[in-house]
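Let me begin by presenting the structure, written as structure tokens, before commenting on it.
Each chain gets a letter, A, B, C, D, E, F and G, in the order it is written, and its residues are counted from 1.
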């Protein structure tokens, strides 16, 4: 079973919690917004602008990203945990 | 009796609760938003844009979808439970 | 005495409460929004868009509709109860 | 002394309270909004749209109207009570 | 010392409180908004619209006006009390 | 060290508190907004409009202004106190 | 590992706390917003405007800036602390 996000929504596979602490990477935030790290699995076609054209999402499948948890929804597919986020809730791409 | 949703509204038949847990699919969320799974039964013609043209809804009858319960309304038609959602409250299409 | 709704407002005659339960139709919702069933009696000319043209309302007199009570106003005309709703508070047309 | 409303504001002379109950007309609403009945006395030139042109108000002096009290302001002119409302707070025209 | 209001702001000289009651004019309102009477002293050039042109303010110096106190600021200039209001907080022009 | 405000932000040097009371000028306001007097030190290039052009700020360096404290930020540069305000939080220019 | 901010987001390296007090520079603010000083490390390509073109961010890598902490997110990369801010949360460029 696969998920095809709609509009400006993005499906993200969160990084395992143990890897996140061992890599020395740590994100803190206030109570309302908890940014996290993961890999983009699928992206929607984008929102429609005023002319009826799609506004392409800034990330693509395979991108390693930082995102805010607030506003997103956890979903379990075939036993694995994923997140459905809006594109604007993704803050940065991680490049090595 | 059938329902014809208006504007960007979508009529959804929620999946039976027993099937949802047996399939290993599970969605958790905060207190305000409870995403769920179901099948699209009917869609509205879409909202009007600034030029007076309809913005087509991204889902169609028969689509299996994930959606947020927050904002929608439960309706019982001929003894069966349905949901009336706005198109933007539908997060992703489920493909097998 | 008759009422001519203004803008995107719609005058609705709510279905009698006894018919609603006997027909097996039931709508539940949260505390803020109580959807109901009724018949459209009159509609406004619609809101003005950016070009000064009217955006026609999606329902017409005689339509059987589901609507949200939140935001509307009850009005008694010649001894009968009616509702004044905004067009966007009408969720779906009921077809038999 | 007369009042000339500005923008989309409308000056309304509320119907006497005794007439309202004797005519069998009654409007109820929630705590925030108390719709009432009255006669339009004067209307503003309308709000300016994006092109700098006036958006005409949907009512005119002499119209009998239903309106929401919430947001309006009571004003006493030459010993009589009036209301200053925004045009959008007027819900319907009463026709006999 | 004089004040030159900016944008859509308007400088108003409130009418003396004794004149207001002696003339039989009285305005009441809810707790959040307290309309008052006064004379326009100076007006700003108006807000800029989307094309970069000024939207002229609907009142001019010398106009007797009704206004809402909520949102405005009291200012004392050379020992006299004035109010700085947004143009939209002025409800009507008083004509004799 | 100097500060170059960005967008529609304005750097203001508040008038000394003793001068404000000795000049007979006094501004009172509600709890949320405390207008004050000062001199403009530097202005940003303005916000971008829909066409990508800058909307010039209505004040310039050297202007004596009234402003609302709410929303601004105090900053100490080389031992002196300044304020960073949005242009819209400046209400009027003071002319002698 | 490097971070590439998305949209109108900006990556900032906060100035060390000891330098901030020793330099005589101090920023105070209310409880909700805590402005700070730092150096821009990377900027996003900017938000899309209505025509689908990018609105360039007003700062560039290397700029010394004042910013508001409210709304931003702290991130630790390779053991060092950074901030991810929206461009509008950056108030001024510091020039020596």
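In the analysis below, contacts are C-beta pairs under 8 Å (C-beta built on N, C-alpha and C of every residue); 3 or more make two chains touch, one makes a residue touch a chain.
Here's who's who by UniProt: A, B, C, D, E, F, G = Co-chaperonin GroES.
Values in this document were obtained by computation on a predicted structure and should not be read as measured data.
Asker: Give the chains in contact with both chain D (Co-chaperonin GroES) and chain G (Co-chaperonin GroES), ordered by label.
Answerer: Per touch definition, common to chain D (Co-chaperonin GroES) and chain G (Co-chaperonin GroES): zero chains.
Asker: With chain centres defined as C-alpha means, what is the inter-centre distance between chain E (Co-chaperonin GroES) and chain G (Co-chaperonin GroES) in Å?
Answerer: Here the centre of chain G (Co-chaperonin GroES) sits 40 Å away from the centre of chain E (Co-chaperonin GroES).
Asker: Just the number, please: Cα centre separation of chain A (Co-chaperonin GroES) and chain D (Co-chaperonin GroES) in whole Å.
Answerer: That pair's centroid distance is 50 Å.
Asker: How many angstrom lie between the CA centroids of chain A (Co-chaperonin GroES) and chain G (Co-chaperonin GroES), rounded to a whole number?
Answerer: Comparing mean C-alpha positions, chain G (Co-chaperonin GroES) is 22 Å from chain A (Co-chaperonin GroES).
Asker: If you look at chain F (Co-chaperonin GroES), which of its residues touch at least two other chains?
Answerer: 50, in rising order.
Asker: Which chains make up the ring, in order, starting at chain A (Co-chaperonin GroES) and heading to chain G (Co-chaperonin GroES) first?
Answerer: Starting from chain A (Co-chaperonin GroES) with chain G (Co-chaperonin GroES) next, the chains run A, G, F, E, D, C, B.
Asker: Show me the residue ranges of chain E (Co-chaperonin GroES) that touch chain F (Co-chaperonin GroES) in the complex, using the header's touch definition.
Answerer: Where chain E (Co-chaperonin GroES) meets chain F (Co-chaperonin GroES), its residues are 1-7, 9, 11, 45, 48, 50, 52, 73-79, 84.
Asker: Can you list the residues on chain D (Co-chaperonin GroES) that touch chain C (Co-chaperonin GroES) in the complex?
Answerer: 24-29, 33, 35, 49-50, 53, 55, 58-59, 66, 68, 88, 90-96
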